[in-house]
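Heads up, the next two complexes both have chain A, just with different partners, chain B and then chain C.
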Partner chain A sequence: MSRFSWFNAVSLTIGFAFLYIPMIILIIFSFNESKLVTVWAGFSTKWYGELLANEAFLDAAWVTLRVAVFSSTLATILGTAAAYVLIRSGRFFGRTLFSGMIYAPLVMPEVITGLSLLLLFIGIGLERGVLTIVLAHTTFSMCYVSVVVSSRLATFDKSLEEAALDLGCSSAQAFRLVTLPIIAPAVISGWLLAFTLSLDDLVIASFATGPSATTLPIKIFSAVRLGVSPEINALSTIMIAIVTVGVITASLLSKRKLVREREEEFMAARS
Partner chain B sequence: MNSTVFAPWEDPEQKPLIRFQNVTKKFGSFTAIDNLSLDIYEREFFALLGPSGCGKTTMMRMLAGFENPSSGQIELSGRNIVPVPPNKRAVNMMFQSYALFPHLTIWENIAFGLKREGKDKETIATRVHEMLRLTRLERFAKRKPHQISGGQRQRVALARSLAKAPTLLLLDEPLGALDAKLRQDTQFELMDIQEKTGTTFVIVTHDQEEAMTVASRVAVMDEGKLMQVATPDRIYETPNSVYVADFIGDVNIIEGRSRFLEEGQYEIDWAEGQQALHAATSAKFDNGQTCYMAIRPEKITITADRPEAADNCVQGKIHDIAYLGNLSTYHVELPNGTIIKAQTANTRRIARRSFTWEDQVWLSWTATAGVMLAR
Partner chain C sequence: MRRFALIALPYAWLLALFLVPFLIVVKISLSDVALSIPPYSPQFSWDEGIGAFLAELDFENFVFLTQDSLYWKAYLSSLFIALVSTVLTLMIGYPVAYGMARASEEWRPTLMMLIILPFWTSFLIRVYAWMGILSQEGFLNQFLLWTGIISTPLTILNTTTAVYIGIVYTYLPFMVLPIYAALDRLDGSLIEAAEDLGCSRLSAFWLVTIPMSRNGIIAGCFLVFIPALGEFVIPSLLGGSGTLMIGKVLWEEFFSNRDWPVASAVAVVLLLILIIPIVLFQRNQQRASEAD
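The block that comes next holds the complex of A and B.
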């Protein structure tokens, strides 16, 4: 147990204040009665109501949701496959290069990723819209999925797969019946991560989209340039809620199971 | 009991179940298995014994199909199995780590292989139940692997690998994780199950006592080579090399030079001013050839007075006594500094023991008690 100290308490307060005061203010003002964003005039949920009546916002929400679901699913499949191959195939020529290349887009400036994708779409003559945003989001979020899944696979006991082969499975069956169910929590948390990344991406989406498809972050950003409205606050609050739930679920999924198994193992050892 | 002794390896008519023919396995430039040939027969309980890293697991993995030999051929029931993938071989393996599927119950773990065969539900249920009964796991059928103890997990792994009734069962250090008492019980259980199912077992172990207990034959390995393949008693009584003698049990090795006496009889000059040792052997040695006398501690008699008639007899003083409960091992120092271990059964209480530290004693053994070895 560490003792209470004023220094620690103050540092902690300042740190968290920096992180969360802006968001808290935003959430509070989304329940403001007044149209003026900076003046409190009593509690109300009317902006949420107006939001739901706003066609443009609902359209954007629908686009965002579709993009997020498709791109995160695609990214999960590709990312898991990439992680599996890189971890399982042992040493082959250029393996280090390949695994490095999987992670490079994580640190690549978004502007560059977005620009290069835009050039590609123009080059191959793909009309920009929902499809191009899905492709763009898949590209960058599959790296995240791959990181999450390969860290799980690194500790996965290979003899489990061999046991499956030994008992009559083909390699594909071994993956489906043994590997996938065991690494499922990591795959799901990878999906959630990809989903939330897609949900709040502004830069890459702006490059990849065309006039036919507007995502929520793009909509919010352009709306804010004309002035902040309480409606935007309400929308942002909803997005914060969704992202928070997603991230917390993702981390709980991986931790909870581990803790529970430890406990059960402990009980078994005692009995 | 059978009236005839089980010894198919002595019958030239018998076809081996497994045949390694000049098998070599290389990992890069490292040779894990070195031009090895070996026959294993049906219904055998065959033990691979050797120090860590000598290639035991590699042998098993080649039988299971996870590794392919770099050269040579492996036959199962007369058929070359090298090109056959693991899921198409009538061979099952019990893994060193057990490798139970953590997301499945004990019941589902055991049923796993049967389901892949496409058996109908009823057949599977019957077979799983049979396996649960054989390994006394009925009560745990619905639990997950992490909810049972280590010993129970080990039995699940065994049940799962036996469920498909393989022609050949491979066990890689199956008892490594168990404590001494449980280990012994399980060894007998394994022998019992092997006898009941009539499956051929190949077991890997680095524990010589375990190999001696369970096996019909033992192969002693070193650095990818077979040193000796024989029944446990032959390995113990007539090892073919100092390495095998030393690996199995306790042994005294005395180095010397051979001198021909008469057919099958040699003398060994082993130290200045000491009476030559006398050994009987069917092997041939040249005069003056370096040779070794391997003699087990329990075959040496320790007495206070010089025995009347003994083939071999040396005097020394007691350097150390190791009390093991049922046995005592005396470490006797000879005048030239050599330490010889002699073992006696403690039939009397310790207070009435005949010898103590620094006592002068005589050690004696017969010409046939020791084994004369060339290497």
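The block that comes next holds the complex of A and C.
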């Protein structure tokens, strides 16, 4: 499709303004001198200072980071295994149930997932804390990882694996030397997705945790319920900055890779 | 053997941490509330046997949900709010996706990234951002007072209007992406053909573009509707006491009233309601992938 019109320009401008203006306002007012978040009283970075001196927030950030690293790594291993089983294993006993359990958590309301896990943890007498949040996050994010990885597995040429097996690889070697390098980008984006889902989650973590562990979203939520605060603005700005840098770097890297591949193809075609 | 381990590990994990917990919810929804820890009865014990245990389960909690008007009103108003916000998101999202599909090749990756970026940013923060905008002394009121459109500040925060804004804002990327994907595949020569055959631009849009992007529209609508139905964060931060949504009711039933059997029954009914849109969504996705 071509023929970009003024109508397209206007709708894009309005759409992106709607998406970005709230975040821009939030960022600007994290540098506000005043405690009142809606009245500008001069530039200051004091809220960042207060934030970094706030032990409770730092503790929560540390808990959140640990949970996210552990749960996304576990989820990536389990999710990749699940994707491999779904795409490559053909028929096995209980396959329908298995694929149902992979897709159901994606559409399950968070309140239900959280409630059911809490009832399980209480039922088996597991003390709630970092461990139970990791278990809960792994469970729902492995399903996202498996969807991402299986879409890559479904499009890749199976004969490559078969060739490796014919040439004397064991199936483990074939997976490590052929399959894994090919699906690696999907595995990495699955891990990133699981990581951000874990960083972001409020509802499931609130159900899964006990008094011993508080994550950053839980902390933010309880602070925000009392109203807008400049400290939260500062915290949000830091989080937005990290994500923005990460996403832009990732897209620049993949773009550069694409350009290089095109150049290589071009050179190969010429020689 | 290795194949067995590969299947067994994720399988066992999901059985233990997805299916079993859900069966526990169903079981507790059929139990009675009790002043014990955990606060429900009967508790299962092997001595009394399964028969005696099953005999004590009943549908009392589900009957209670139909009798107390709070619950069915909350279900209905969740359905209504989810439906209206889906329509609003479609009305804002379609022109954006359309504009993206018509933008020049070199702009598209940037536009795509701008749509995806909010998706990676914390959901909670994006909802929070609106609290400062919509409040009585917030930016929207300041702006409207300054332009002279209104003379007294509007009350938007803690109303259902704020919930609509919140849902449309946070779920907009979910609507734009599938529609963009459908429009991107659309063959431009079809529209030219329609115009050559005497269609006006507008009727070519209605008769060709919209039907050809139908799968994207349906997918986007379900991707907004399904999560919006059980939404908790948006109604509890932006909505007021007058905004009834079932996710919030479930949360309060559990954490404030500590009535686990009723909370479980609320969850089971919510899931039964969700099965219909989920099945329809899956059918649409299947049809779309067959059409390719």
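The rule is simple: the second predicted complex is superposed on the first by the 233 of 271 C-alpha atoms of A that agree within 3 Å, B and C clash if a C-alpha of one lies under 4 Å from a C-alpha of the other, contacts with A are read in each partner's own complex, and residues count from 1 in each chain.
In this text, a residue touches a chain if its C-beta (ideal position, glycine included) is under 8 Å from a C-beta of that chain, and two chains touch if they have at least 3 such contacts.
None of the values given here were measured: they were computed from a predicted structure.
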Superposed partners chain B and chain C on chain A - clash or fit: fit
Which superposed partner A:L199 touches (first chain B, second chain C, both, neither): second
Touching partner for A:M239 - first (chain B), second (chain C), both, neither: second
Which partner, chain B or chain C, touches more chain A residues: C
Touched partner set for A:Y84, first chain B, second chain C, both or neither: second
Angle at chain A between chain B and chain C, C-alpha centres, nearest 10 degrees: 100
Touched partner set for A:L160, first chain B, second chain C, both or neither: first
Which superposed partner A:F16 touches (first chain B, second chain C, both, neither): second
Touching partner for A:G49 - first (chain B), second (chain C), both, neither: neither
First, second, both or neither for A:I25, with chain B first and chain C second: second
Closest approach of chain C to chain B (Cα atoms, Å): 15
Common interface residues of chain A - those touching chain B in one complex and chain C in the other: none
Residues of chain C defined as touching chain A within the complex: 2-3, 6-7, 9-11, 13-15, 17-22, 24-25, 28, 38, 92-93, 95-96, 98-104, 109, 111, 113-118, 120-126, 128-133, 135, 137-139, 142, 169, 172, 176, 183-184, 186, 188, 191, 226-227, 229-233, 236-237, 247, 250-251, 254, 260, 263-264, 267, 270-271, 274, 278, 281
Touching residues (chain side chain A, partner chain B) in the complex: 157, 159-160, 162-170, 173, 177-178, 181-182, 261, 264-265, 267-269, 271
Parts of chain B lying in touch with chain A, wherever the complex brings them together: 64-66, 85-87, 91-93, 95-97, 99, 101-103, 112-113, 116-117, 144, 146-149, 160-161, 164
Residues of chain A touching chain C in the complex: 1-5, 7-9, 11-12, 14-16, 18-20, 22-23, 25-26, 29, 37-39, 78-79, 81-82, 84-85, 89, 92, 94, 97-98, 101-102, 104-105, 107-112, 115-117, 119-120, 122-123, 135-136, 138-139, 142, 146, 171-172, 196, 199-200, 202-203, 207, 217, 220-221, 224-225, 227-228, 232-233, 236, 239-240, 243-244, 246-248, 251, 255
